[in-house]
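Presented sequentially are two complexes of chain A, the first with chain B as partner and the second with chain C.
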Partner chain A sequence: MSAHDMKSAVPSKASSLPRPKPPRKLKAILTGLIVLLLLAGSAIKTESSFSELFTGLPNMLDLIKEMFPPRWSYFDDITGAMLETIRMAIVGTTLGAIFAIPIALLCASNLNTIKWLSYPVRFVLNLIRTIPDLLLAALFVAIFGLGPLPGIFALTIFSLGLIGKLTYEALETIDRGPLEAMTAVGSTPMQRIIYSVVPQIQAHFMSYVLYTFEINVRAAAVLGLVGAGGIGHYYEVTLGFLEYDKTCTIILFTLAIVLFIDWMSTRLREKLL
Partner chain B sequence: MSHPHASWEHRVKKPPVKKSRWIIAGLLAVVYIWAFSGVPLNGFKETALQVTKAIASGIFSPDWDYVYLPDGEDLLRGLLDTLAISILSTFISAVLCVPFAFWAASNMSEWGITSKTGKIILSVIRTFPEIVMAILFIKAVGPGSFAGVLALGLHSIGMLGKLFAEEIEQIDCGPTEALIATGANRIQILWYAVIPQVLPGFLSYTLYRFEINVRSATILGVIGAGGIGTPLIFALSTRNWDRVGIILLGIIIMITLIDLLSGAIRKKLV
Partner chain C sequence: MIELRHVSKSYPNGVKGLHNINLTIHPGEFIAVVGLSGAGKSTLLRSINRLHEITDGEILIDGASITKASGKELRTIRRGIGMIFQSFNLVKRTTVLRNVLAGRVGYHSTMRTLFGLFPDHDKELAFRALERVNIVEKAYTRSDELSGGQQQRVAIARVLAQEAKIILADEPVASLDPLTTKQVMDDLKRINQDLGITTLVNLHFIDLARQYATRIIGLRAGEIVFDGPVEEATDDVFNHIYGRPIQQEELLGDLVG
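Up next, the complex of A and B:
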């Protein structure tokens, strides 16, 4: 404001020159209003209130107090379930990765020029990725019954969606040179894939598989909540019996394993790329 | 070998395979044998095929009446609830993660240790599963959407904080130095040099996290933290497949629409 006043106080030639207009504020104000409306509506819909949070906080502090110290002896009981969790993640990721390879090849527009084949596959791939993993697990539990098997299937489908998409996008950016050279010497499509596509894509693919594995370990740790095997089942058991110190052991154990696997996978991925 | 037309393979040798490769391959083989040998294959229920058919037919002949019921719980209200949870939780985390992001950004602090601790804290928050957080918040504020909002809001700080910190680390130092040279104070530097550079990135990441939160919010209901998950689990346990079908359809359509919308806005932003 003060700068403006100064300008108008000094009558000079400069003030008569056309000055650039500042950007319109209207758009920003409207966007802000819409966001505020959305927030207010959401707060009403979810019955959020600070007072409830403040009255609830002591409960939560009590809960956290009861969680400490964690019961370390509970480790022995949940190690088996933890191993099962990791196993589910490994098997699910691997199966998903294997199924993702043909799907990605079908989706990549530079390798598969048949449009009526690639578009439906892409559509299905996008559809798969909209369904959250826990929801898939709940569905598979309804189909196959309780146990790690539905969890593995859910992770397989989830991995298929993620690895398939990342890989087909990487496939579309590969160098065409080797492909054309091999076509020129009369190779079959299979030979072209093995000798000119695979060498270009394998490091990326491995990196995506590792990344998906990281996500799947986290997911597998909670799949048990819907009955799909793994350590998640023990949350319900311990919380149901109000044994919060045991819950704390589970949480800490999961944190340690997940952080370790993340660290290892990140190092491997750095080496790959 | 003595043949005059000895092929080129005898002259050009393949590079030797590294020993470490064999060790890695061996380790991988052990891990895979362990993992796959433990998969219980006899867990199939005899009804599996039947149920699959029922769910498939449920998806193709959904319970349209459930979309809107004048009184009580219906699909639209459930989806709206899910959407409300994700909007509010994304907003909470986008606000709360900003101080964490500046804490964790390596170019904002003088000592490396400050940024390292910030990064570790964000990583721990990120690792803590949202659904477990929701269980804890349910104990505090009771079951319902509010617990879901708090859980997702807190959990998202981990990822958003990390992405925001990386955005801050990429800024151009020029404007900051220019402002320092003109004698601006820290708040002015933040407002005129840092914020304009990071704002588009922040908004884009927030929208990206919103897409993820919508997905998360659909499953929070499984443990009673509001949203469409509750009626879905109820329909699954009562074997009401037509209703399962319409709820799945609703979720898929909502998430697809939000992805499209958010993707379009993000493209405009950056």
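Up next, the complex of A and C:
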């Protein structure tokens, strides 16, 4: 290409405006430095190091060796507890989902315009989600004693927090048009919700409930560690008696169940949305 | 009969939406409300069923003040006024039939409508409404599978099922193409003539207003600057309403006629 062509394609002086300078890279470099500093800092403070990981490696291998082959006969003993775990997740999720409905409606700023009501409810909802489910379970065990009941309550509260939050955020994105149309039709506030909000939100809501159920099955599997029922109790027992082959059976069983429920739930959620 | 007495609306920031509107609308009239966007057409229409609150004056529907009504009384007045929107405002995820039946909820208690158990009479009304706008074959189709024009006809069916005596149509054809515009306007006109339903339509196409309406109300900056029969709404009148000569985009064109 000759110089002449270049000239015609790009005029030598298109405008007298100064060209902008490229943005500086300082910000990216500083961010990288800060991340590295935080990483190194926390490693030093928690006294963890890669060398420890390597020296611990033989122990890990020993443990894995003892875990295999799994004690398959142990299945019969833990099937009941596994079913209990699933039942806990089902009941906990359902209860949480039911309580989440009014809470989400109260939180959604487009449906509840009373600010002094929606803000405190939102605050409580946020508070609930900061409490780990194991802590909740331990708390309820202290109140109601050992067994699946405190586990169910813990899962209920946890589900309420999660479903409530997801649902109210979805509620805030619904189309206002049908709401307006229902107002014009002369409906009561309740009818407005049933006829214009529910149809818009129900698929999302069901999807959130299934998602929470997935999480709850996993959570319920360890709640037994604090005495809140389910399969978790058997982890503690078998680990305590150093029966690692039994522990392995439990882990594989849990893995299979969780995978199966995840797969089903994902399939269902794909169908919903 | 709709009566507006000294109706004004000012927004919190001081902007005047409507200024001292006095209007009497008789049963069976087909009125086109015209004006530039921002002139207060939509505010006027939405004040009549109180989707927007007015700040001054009073609006009477068949002698009853909707301005003073609340609770059940307000809902009963609203039940008699159907509304059609530019964006159709159907629930897209549910069937056409359920959208039309939603027009009936004002007639029933909350408990009764909770599970969607409508009496046979209501279903009959809904089907007849769908037949009137020629879309009955779509009764069990999900609304989001319909075209814009079809959705607007479903919205008209909802108003018919509501057994409204008044129809407020806020830019009902603004998001439709010229052909479906004509269908929807024809439906509105036919319903107005066959059933004697008082109809108020906000329009921005001047030729549509002239062709379908019996009376034209011109709004400018929240005030009525023209109110009279179509015959009197000459080009000069429209120039006056718009405060400038009519422009090409304010005419829909050949399809009308």
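Quick note on the criterion: the second predicted complex is superposed on the first by the 250 of 273 C-alpha atoms of A that agree within 3 Å, B and C clash if a C-alpha of one lies under 4 Å from a C-alpha of the other, contacts with A are read in each partner's own complex, and residues count from 1 in each chain.
By our rule, contacts are C-beta pairs under 8 Å (C-beta built on N, C-alpha and C of every residue); 3 or more make two chains touch, one makes a residue touch a chain.
Model, not experiment: these values are computed from the prediction.
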Which superposed partner A:Ser73 touches (first chain B, second chain C, both, neither): neither
Chain B versus chain C as contact partner of A:Leu63, first or second or both or neither: first
Which superposed partner A:Thr113 touches (first chain B, second chain C, both, neither): neither
Chain A: partner with more touched residues, chain B or chain C: B
Interface residues, chain A side, partner chain C - complex: 175, 177-178, 180-188, 190-191, 194-196, 199-200, 203
Chain A contact footprint on chain C (complex, rising order): 49, 51, 74-83, 85, 87-94, 98, 102-103, 105-106, 110, 113-114, 155, 158, 162, 168
Residues of chain A that touch chain B when the two form their complex: 35, 38-39, 41-43, 45-49, 52-53, 56-57, 59-60, 63, 83-84, 86-87, 90-91, 94, 126-127, 130-132, 134-135, 138-139, 141-145, 147-149, 152, 218, 221-222, 225-226, 235, 239, 251, 254-255, 258-259, 262
In the complex, chain B residues that touch chain A: 31-32, 34-36, 38-41, 43-45, 48, 51-52, 55, 80-81, 83-85, 87-88, 91, 123-124, 127-129, 131-132, 135-137, 139-142, 144-146, 148-150, 215-216, 218-219, 222-223, 226, 229, 232-233, 236, 239, 244, 248, 251-252, 255-256, 259
